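Naming follows writing order (A, B, C and D), and every chain is counted from residue 1.
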């Protein structure tokens, strides 16, 4: 067995960067006005009119005017987050490939704020703090498992085994990067399911790590489309 | 029966305007590179490298990198064109509503260049010029039918009948406007089916009027993403 | 101008026939159980367990288990209904083609129960009965416009004009048939938007004629998946 | 550290079972005939007529008539296969959840027929047999990494750590089960990309393990819709 300096990095965060977007509140207004004004949809809009119309659309679940606003993100997160993320089908993805690229030794570890213990019933778990011992066990076990797995990966690669085979024993907390493009309607659906929002009409129970991605999305969404975001929140965080 | 000045407009064109876009060839390159480079996808790209990579993706049908480029159009076309257009489901639409808005009296008429006579078999019709008499009959019949229908519409409205009812006897050549948003992959699929391209690997047999919309889309696509458009054409106009 | 016996049929109904389906409540249960039981998802299910689990899924908006149940309908309805129907993109369609087939002279007319007058504001119209005069005007105007339009159609065909051109002046109340396939999740979304359900949490304001189609869908849905339909109704007619 | 009998199972296969379907060649014919015959789409069809029409649709890329035929599979495969499978968005999934269920210790190992060494360039790798030493290294490294990871999983669970946390260090070759529903058009797209078919017009380069799933799908498809499958193969394995 070889003796490598694996240089493994353990981290506890996710990265979300806005690559580009074509999103602003006025586009929602113009798209919605086509219904009632036809080709003369665009003209001056007061802030109050925009706010009122967007709120009406959200409340009445007229979702299509929100589909013309697009966001492209670059996201770095562990595989177990991507597994959940890619269940959202109204989105476009290009992810780092373990078939074509040697995967870097970066692994997710829960930090001390990550609640480790679940209580309650299936589908509506709540999480509470773990004990010091539980945190210690988790860190030790995960670190050792990741180190053993990455060692195996490097060993197979060193012997000339194909990347797509060698990666098979890598764990789901290894990091991977992807381009993600979603429109504002799909993004609101994502947020409604992936941010817990315990006070909302429909609380969700996302795993904390995908919620960390969703929170960063939501901040960017709120900065880019403030009226739309406000209407989303005010109307119970239900996607139109 | 009332006596209206209907002010009917007959025309033979379609309108396509690019409202906004987030589309350029480099985004395709960056999205594709994520697979092989991960988070370091963006850096300087030579024109030759971009051209080569885009051509490779198109030829090998790796379609996902083309999904991050978005176009929003405002289109004005007859209803019978919209009926075909909206069969394309990977797109977002907001169309003028005959339920909420009084529809303007604008109707499509084939002009003298529109070939009126079909030959050949179902699914692969070819069209040939009509005779002078056929053109004359077509114009007369269509004009009279449109005038009669629009008169009926106005008459019902004048008597207080709801717009959604009164519109029922309006013909499918009445014009309607809509916002249409599509990504570059969906747009290429549209072009592959809605531009005839008789010399391509897979010739299509679109109705001429939706082809007029498609030709305007294609011009905008070629101007915005010239390398992607070239690769589309060179590789047989098959969407990846 | 030719002198035809046009044999025009006016009618006021829509047709919906269940062609085939792969839908039953137990499939929802089995699909949902995969999450918690893995490969041993199938075993005996009591009616009470099925009912409870389906209600839980509906209430918590876990929609994916409802996607494995499929319905294929054959529907006959006026074009203006199809225009709204095909805005539902999570569905498969094959419709009668006016390019390939001579369209039969069947046209929709509102019957005496169809409320003709709208009151209230855009997006939330209510409809009230029309007067005898309004009904009379509507019938006369529509009949004459349809007859004039169908005459024009036949005249152009008689002169050898292509079907795809001749149909341009046919009105949107002409009937057309299509195959429609939808899964139960998409169907519930359709019902939530196309049946008015004034007492539900989110009342909708569909045009009456698409509601007539939706009501027939709902009856078939209730017969085929009674537990799922009940949970849909009990939980406010919101699609999961 | 605890001392468990982990009872780990290593295997080299995938499981595909047809749960239900609503698929047969005649439905394609009936759906396609709606275009040209309208409501009278169904009547006796000769085998020759069906074969000819299906071949025409495939060749001319008229894909929509293939969307009314549905397949529901139960599939058991390693996570790295699911990661690729779920990139196919025109499909419905319900997968075993590591958040709700303790994951069983079943892991994929390449068997002696799995070619371990890749040659050629990115995007078009070919695979050749590995040496005896390469196979031995692969088995030893993978087994040890899996055992270490599953031990960590059990250890964290024993200390009361939540399942969704404990699973983070499990490798991507652990098995998972899911329900998968796809229509015949989406299935053909899957087959065109996930079966290598080196002699076809567009050879693909799938990872062997997802190809094993695809081959089982294809056998079921060929048994259920033989005319459609034949037309798919004859027309270059390009999805319509």
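To be clear about the criterion, a residue touches a chain if its C-beta (ideal position, glycine included) is under 8 Å from a C-beta of that chain, and two chains touch if they have at least 3 such contacts.
Note that the structure is a prediction, hence the values are computed from the model and not measured.
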- Query: Where are there more C-beta contacts: B-D or C-D?
  - Reply: C-D
- Message: Which option, A-D, A-B or B-D, should count as the same interface as A-C once over half of the contact pairs match?
- Response: B-D
- Please compute the C-alpha centroid of chain C, do the same for chain D, then give the distance between them in whole Å. 34
- Separation of the C-alpha centres, chain B versus chain C, in whole Å, is 25
- Averaged over CA atoms, how far is the centre of chain B from the centre of chain D? Could you give it in whole Å? 35
- Task: Could you list which residues of chain D touch at least two other chains?
- Result: 36, 64, 87, 93, 100, 122-123
- Task: Would you pull the chain B residues touching chain D in the complex into a rising list?
- Result: 36, 56, 60-62, 64, 87, 122-124, 193, 202
- Message: Per the contact definition, I'd like the list of chain B residues that touch chain C in the complex.
- Response: 78-80, 82-83, 86-87, 89-90, 93, 98-100, 108, 110, 114, 116-118, 122-123, 125, 127, 130, 133-134, 137-138, 141-142, 144-146, 148-149, 151-152, 155-156, 159-173, 207
- Item | Residues of chain A that touch chain B when the two form their complex | 15, 19-22, 27, 30-32, 34-39, 41, 64-65, 67-68, 70, 72, 74, 76, 92-97, 100-101, 104, 176-179, 181, 183
